[in-house]
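Structure provided below as structure tokens; questions to follow.
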Amino acid sequence: MTTATVNSKGVGTPTTRIYGALAIVALGWVLLGGLFFTPEDVVQGDAVRIMYVHVPTAWVAYLAFIVTGIASACWLIGKKHSLGFDRVAGASAEVGVVFMAMTLLSGSLWGRITWGTYWVWDPRLTTTAFLFVTYVGYLAVRGLGGSPEQRARRSSVIALLAVLEIPLVHFSVVLWRSLHQQASVLSPDGDIKMDGLMLFTLLFGVFGFSVLFAWLVSHRQRIMAMQDALQTNALDAAVSERLREAQV
Amino acid sequence: MSTAPVVDFVDAVAVYNGYPALAGVTMQVMRNEIVLLQGPNGAGKSTFLRACAGLVPVVRGSAHVLGCDLVIDRESVRERVGLLGHQNGLFADLTVMENVSFWSTVVGATTAERGAAMQRMAVDGQLANRRISELSAGQKRRCALACLVVRRAELWLLDEPHAGLDAKGRDEIDLIIKEAASAGATVVVASHEIERAKNLATRTVSLVAGQVRDLS
Amino acid sequence: MSMSVSRVARAVAAKDLRIELRTRVVTNQVLPFSGLVMIMFAFALDSDDVLQRVAGGLVWLATLFSMFILVQRTFAVETYDGALDSLRVAGVQPQGIFLGKSLALFIELLVLEVVLFISAVVLYRVSVGGLGAVLLVTCVLCATAGLAFVGTLYGGLTAGARGRETLLPLLLLPVVAPVLICATRATESAFESGGVTVGEGWAWVAVLATFACVFGLGGLLSFGSLIEE
Amino acid sequence: MSMSVSRVARAVAAKDLRIELRTRVVTNQVLPFSGLVMIMFAFALDSDDVLQRVAGGLVWLATLFSMFILVQRTFAVETYDGALDSLRVAGVQPQGIFLGKSLALFIELLVLEVVLFISAVVLYRVSVGGLGAVLLVTCVLCATAGLAFVGTLYGGLTAGARGRETLLPLLLLPVVAPVLICATRATESAFESGGVTVGEGWAWVAVLATFACVFGLGGLLSFGSLIEE
Amino acid sequence: MSTAPVVDFVDAVAVYNGYPALAGVTMQVMRNEIVLLQGPNGAGKSTFLRACAGLVPVVRGSAHVLGCDLVIDRESVRERVGLLGHQNGLFADLTVMENVSFWSTVVGATTAERGAAMQRMAVDGQLANRRISELSAGQKRRCALACLVVRRAELWLLDEPHAGLDAKGRDEIDLIIKEAASAGATVVVASHEIERAKNLATRTVSLVAGQVRDLS
């Protein structure tokens, strides 16, 4: 931990560079494909292009929260209680919150175009907002202070409880009669109703955002390791400060 | 077992929001000792006692109390120690009797033990049915002590037990401490009333700025 | 071990209820508060059929508000003079504390809800049939258990240190809002408002029961580490 | 004498605001709470024109809830460690304390209301014209001053002794309910919802201003004897 | 004027919820005296001090402090007395400096007086910018004393001023009390640390069960 933090100039490694390159390429394709190559929608026209950001960010946010849950479980179950898991959980939740915010933002812009309003009190939208707030709360709990161990203990509980909300968001369109799009790609009947290129671009977008997620998390997690190390250094300084106090 | 120290801190560090209230404490307390902890305000006496009780985590160094490693597990030691802090830990809207009963139930003490403790701290009789919020400062402290006495802990951690008590109460608590020690318990007392506490203690340890100062 | 958990739980619940009886937070503070919500709604929307349609939602909204106050209150009692520290240091099983405080909160909320439902019936002139009543009672019990568990869980988490209590609404809101929605839908079925049938309500009750189980179990397993500093 | 009243008032208000800035009760606790009220209403009544019609009332209802929390909080700070006793025994002019605490409460409420009105505009899609805006601002200022005065007055009364704080809602409710109604009507005029004109609103604002004057004066004269035991 | 007693209670009764905490206290304190108030827990010492400060009403008998009749008007005496109670009266979320500044502003003390008071109680320097909630018990008490010292009261009412202070703090507060008395103020100290307080006081009064016990 400390070796990596003190010596290297940045937090990049060969692996993260590969992630970065992949993410740029994939997202570049999605940009071009989404804006120019894919056809207009019969009903929605050009507005449908928002989908290539909206849906991947939503799914990758789910992915991020699930990773947070798994990492938290690993921390809890692991005999050594390795803090690495906790950092991955935290980093993943941070990225997930950002992606979820993008979903909310792109969704409300899309809503403005198709439904004529930024926001309606629709089950999918509302539960998405709840999920977002839940993870903002999770991050707030991480920021409560105390030792890194205690932070890990508290936040892992919250993470495991919060991840249960994802099914609620996903099935909200089924549970409550919803204005929002029914699950059409991941529909229970397995029947995909979409143009081939559109579907490809969408799925490639999912891939691209996933790699972006991995890239961001690997950086963020290493920054957190450095912050923990800094905290340790600060403690060293504070202890020797106090020792000097005793000499007076 | 009985030769191992009851409290064994080596270079223990405890922090509050990054402030090292204990900055490397090394200290052993053997069974049956009554140790007086002294030192200026802010030296870390209360923090040391709370760390012994497993309330404050020890983030560096090693800390063992009654054979439990506090760095790994702060919880299992707790039922064997009794802590009297600066705060009384009483419920202001309940009566004295209800408070002592609650703590007795929770720690599994008998009615007889409860009655004895209340009588010793002179919070029985009329006082027993008054609410905590209607008591004087010393009466509250007596009630907290009664709740502590019913616990029959193996390690007593007392943070200024004399503060607020009248002369009779002070004598009584000294007696209780001595009895506990002779019955096999170990006692650590933090106090600023050094004269009184010195008579009671078998040994004195000075804390300054989060460290044990060598006794000269 | 399990015997002593139940002993602790009973002692904690009895203590909380006794304090409540003596200080009357529910009666003096929470009830007028919820009463205000109900009356204000009646006042703001003075059309009978809108009122009847939203009656269920209003009751649950009022319950939710009261829950925030109650949770805050029930942990303020513990931290005011360091009693939570004393409980922790007494080696008391955290499961016992969790169950005891949840039980007390459950009972207080239940009392409140009964009053609220009665006033809804009076104020908003809703009616409920035999089958509807069964549904309503089950729904109230499940929802209240869920609220009590989750309130205790997060209340304990935020009770640890000074200044933390302001996090409580942020943490509680997104979790209890679904409860509110499910309970509202179930209640609407029980009242058969807006053309929904009683039968449709049971699905919601199942969600509520699941919620209560998850948070009950989660609390039992994790309360100990949440109340640590 | 009057110089020292204003000095005390400024010191008290500055202290209260500084504590608020540091503990962020408004931001972390009261705002999400009021946000919940707004969202829940929107959710419960998901018909756009009902929402627009009641938007004003909802903002004031949310303000009222938040006000209870704020008043309780602002006096909890004083009684927690006996600071109110210290203030009394320091021979500080009670008028100064009253004005200072009212001022701090006024500012906190105002911040809250601005946020609430903005979210009402966004969430409920209400619109307000130029004349309406003037009416709205005057109404908000008068109503908030009234609420701040009456909150401080009764907050001080119930802060005196233990257990009394639960009386606060009971005492405050009947007094602030008229404020709620007048402010709602004035706001409806400002929003021109339900066919009311802006002009009609000024009568309500006059009532609000009278209310603020009465309680401001009453507080100045009686606060000293209210905070005595 | 200067020959009239500063505190003059005759058969004064004070009640809390019907309980007579003072049950007919007759007592005079002259100018420049340092009176030690002693007695068992619940005797009414704190209540007496609070009554002198006009916080608790005297419902029977007569009570005059600094020439004001407390039965008629409890308020006008307050700006001339300074009370240190069991509670500190500090704002936990403000720093030491902010607390002392607040109290200085409110009582109209100068910046120099504030600085001097903080220095005497050793809450200046690094400590000044820490929040009260982050202080040890003794450090809080020191802060409360600093707030009291800036007041320059004519009558000082101190309820267990030594409690929680370390040895140096105790010496300092004794010095402050002596200086105040020699500068013309009058001091009443309630304390359970009788040895220390006796050295300080010019006279001792015993309270028992809400009454003054005749000194034998």
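Note that the chains take the letters A, B, C, D and E in the order they are written out, and that residue 1 is the start of every chain.
Everything that follows uses one rule, which is that a residue touches a chain if its C-beta (ideal position, glycine included) is under 8 Å from a C-beta of that chain, and two chains touch if they have at least 3 such contacts.
Small disclaimer: the values here were computed from a predicted structure and weren't measured.
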(Q) On a CA-centroid basis, which chain has its centre farthest from subunit D's? (A) B
Q: Return the chain pair with more inter-chain C-beta contacts, choosing between D-E and A-B.
A: D-E
Q) Between subunit D and subunit E, what is the separation of their C-alpha centroids in Å? A) 37
Q: Go ahead and note the Å separation of the Cα centroids belonging to subunit B and subunit E.
A: 29
Q: Find the geometric centre of each of subunit B and subunit D from their Cα atoms only, then give the gap between the two centres in Å, rounded to an integer.
A: 46
**Q.** For subunit B, residues contacting two or more additional chains
**A.** 17, 19, 57, 92-93
Q. Considering subunit C alone, which of its residues make contact with at least two other chains?
A. 23, 163, 167, 170, 173, 177, 181, 228-229
Q. Can you list the residues of subunit A that touch 2 or more other chains?
A. 126, 145, 150
Q. What part of subunit E is in contact with subunit D in the complex they form?
A. 53-57, 74-75, 78-83, 85-94, 98, 102-103, 105-108, 147, 151
Q.
Quick check on the complex: what are the subunit C residues that touch subunit B?
A. 4, 7-8, 11-12, 15, 18-19, 22-23, 77, 80-83, 85-92, 224, 228-229
Q: Can you check the complex and tell me which residues of subunit B touch subunit A?
A: 13, 15, 17-20, 23-24, 57, 59-60, 208-211, 213
Q.
With touch defined as at the start, can you tell me which subunit A residues reach subunit B in the complex?
A. 145, 147, 149-150, 231, 234-235, 238-239, 242-243, 245-246
**Q.** Residue ranges of subunit A in contact with subunit C within the complex
**A.** 126-127, 130-131, 133-134, 136-137, 140-141, 144-146, 150, 153-154, 157-158, 160-161, 164-165, 168, 175-176
